[in-house]
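Labels run A, B and C following the written order; every chain starts at residue 1.
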């Protein structure tokens, strides 16, 4: 990816190491704005079309907030039942029309490939906010950015990372994308822990090994004691043939403070794509971990805002102009604490 | 309540007389902005998270408008079915995540206690926009502020007020909160008129009497002739065992211009929490009262914007800086007429 | 219509030739803002109440975008099920309350006459965004504005236009309104092509003929070879007694590049109110026309933004002040290409 200006962001496959590092460098510059140390008006008057044909409150609000933090306005739509798409309009037509109403578009849609198809009709850059089982590149970027920042706090880089991915590795779009992105770095060790039926697809394992990274596959939690990052996934009930199977699975792969203390080294960072199911019968990540300073799950969602700000700034060509439009913050905030 | 800065606004119980008077003093300063005599950019760049997990068009729009009038941006969500809460996420997690997307949150939720629980996870101030049968403090404040302004137009204060509350006093959250707030003032007379089965809870009556106010209880409209304020409530069909019971009730407690002329003194101000049911079979407040200058129901909703502006300004610590950011209004408006 | 300031825009019947030309002159001045050559802050701080009691993504977003492009903020509501209207509130009450929350309102509602009734309670100007089968004046204006611009690109005016209207002319609100507007100009020729059961209402035909325009009625596509504009309408399945009838209809009135080449002169402009149904079984306007430079359907929706900007500017009295608040655009855009 040579330049981001005017480009669509559709897939993690667009990102090589250089592109990732460019996004992260820009994301770093966004922290003072998100932390309310200052604000910028660089995109004052610009309009984001925030098109969520599939509902997703937090992703939608995160995109909208990121655009507001750059000074821009947001026009939104949620759901598909009342849209012209439901009346048989093509994605091409929808894109031609709606791209006339904004400067950039963030879009989620339940069908794989839909955002890419939409982008062909769009006259403005389109950022994929999730297209079904296919891609959710901003989630992968915020996960990787979180890893980079957590590692940096210990004076380390992503190179030589040991990451354990736990749970449903077969259907979890998140871990597939993250794994692919990590292969751009050097000497990463992947410990993939899941029940055999939910193991990482061979295609992803091949990419990991072809790029010379270390790969350990297990169906036991015990293997992860040396991991720097523990990436836990969401338990999806519907993947199991019966309630009994699901319960058995949970018994083996849930995480709480006791298991953490028993199996992990003291600095292992815990991540999760959220939301986590807090009901006692699910509980893939127990609330008793909330006091653990290595629980990075809320730093992940905060970082999502920074990454989305960076992508907006890069695709709209203002990444180097942000601070030219700095303004003071007049109101109370404790976000920088 | 010593200072509002950075505080959550969850309950009317947080407000003593001094706090109420502080809110109202700030609300008074908001009128020129709401009336479009001028505008302010004090919160330009700030973001309100307007989280309505239970739909309520007017309360939601009123909060959003109040924030826009201070110069800020609004990110919104409506409904709960598509939210992470529906997937088992805890209110704590939702709060931790969503509070990363805004500077302040206004929240409505169908369950009693939910907003308070949410506030414990929030890293920004939370204003309760209604949590089920529990609390709706901004409604109570706008009602009380309306009373204060109506009284002031006759050169009087809230002290020595005679208020008649009419209708469903058992389930009406609004009248409970308003009654509690009024007890902070001196020598208020409460005339509570309802069918016996829908009378004011004893706990509220106790507060009124323990603070030394006068209390009259009746099931006849006739008692209210001397009231300064007549606070009519919404008739809720589902409270009655049968249609016949409901009709009987309505026959006794509806209000129209003829009944007003017959039973009230000429300056009695009519209030209602809105919406009122305009269908002929309901009709707790007849449309023929629309020409009565003492019908204050639309002044109530207008005052709601001022009160919400005041709460935003106070909790974000900008109440004394508003006019430093004054700008002229360039467009046509007849709001100040 | 002498002055637009403070007026409601409810019906095409409000517009004579002079009013239309005033709107279009202002719409012309909006192009540099929509094309991102510059931006304006003239309505910074103003609030649009974008009230879509009936969902319509593109009309809603178009109104919102138009207001944002003038520098203003947008507060929105979509759907009616959760609104106070569903609880029996009158349109008058809804209007009194919601007009306290904005400077101007754009409103769509499923019931004919509802927007006009609402406007009587509103304390701010109301623009009709469609009230059921009744009126959708901004659609008619954007259609007519598109005709004016397409004609101008060939050095012609609307006078002496030959327009063919095709398809469901009985139930199509769009073609009724457009026909009425066109009668304000001189020597227009109308060729109305539809199955007999879906022909243009006699009342509209009377207006056309009483104003001295030429009228040709046909049930054959062949008649339109000389038309300057071909206005194709949406095929609405539910108008036909059976699937078989619908298919027969489509066989006769669909349009694709082959039919275009065969029946039209080379400069005939193709219009459609959108959305078009792209499914093979419907296909009133084939995708193979997308490469035809005379396909104006996406220019129509782009023009819709300009027309709505013009109406906001005129009703709020800022049409002559826009450029006093010009600001540069800092971000990447190819909209002016």
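One rule holds for everything that comes next: a residue touches a chain if its C-beta (ideal position, glycine included) is under 8 Å from a C-beta of that chain, and two chains touch if they have at least 3 such contacts.
Just so it is clear, the model here is predicted, and its values are computed rather than measured.
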| item | value |
| --- | --- |
| Rotation angle (°) superposing Cα atoms of chain A on chain B, nearest 5 | 120 |
| Chain C against chain B, contact positions shared by both copies (same if over half, else different) | different |
| For chain B paired with chain C, centre-to-centre distance based on mean C-alpha positions, whole Å | 40 |
| Per-residue multi-chain contacts in chain A, two or more chains | 73 |
| Residues of chain A touching chain B in the complex | 36, 39-41, 55-58, 60-62, 64-65, 68-69, 71, 73-74, 78, 274-279, 282, 287, 290, 298, 301-302, 305, 327, 329-335 |
| Chain C-touching residues of chain A, taken from the complex the two chains share | 5-6, 42-47, 49, 73, 75, 77, 82-84, 87-90, 92-94, 96-98, 100-103, 123-124, 315-318, 321, 325 |
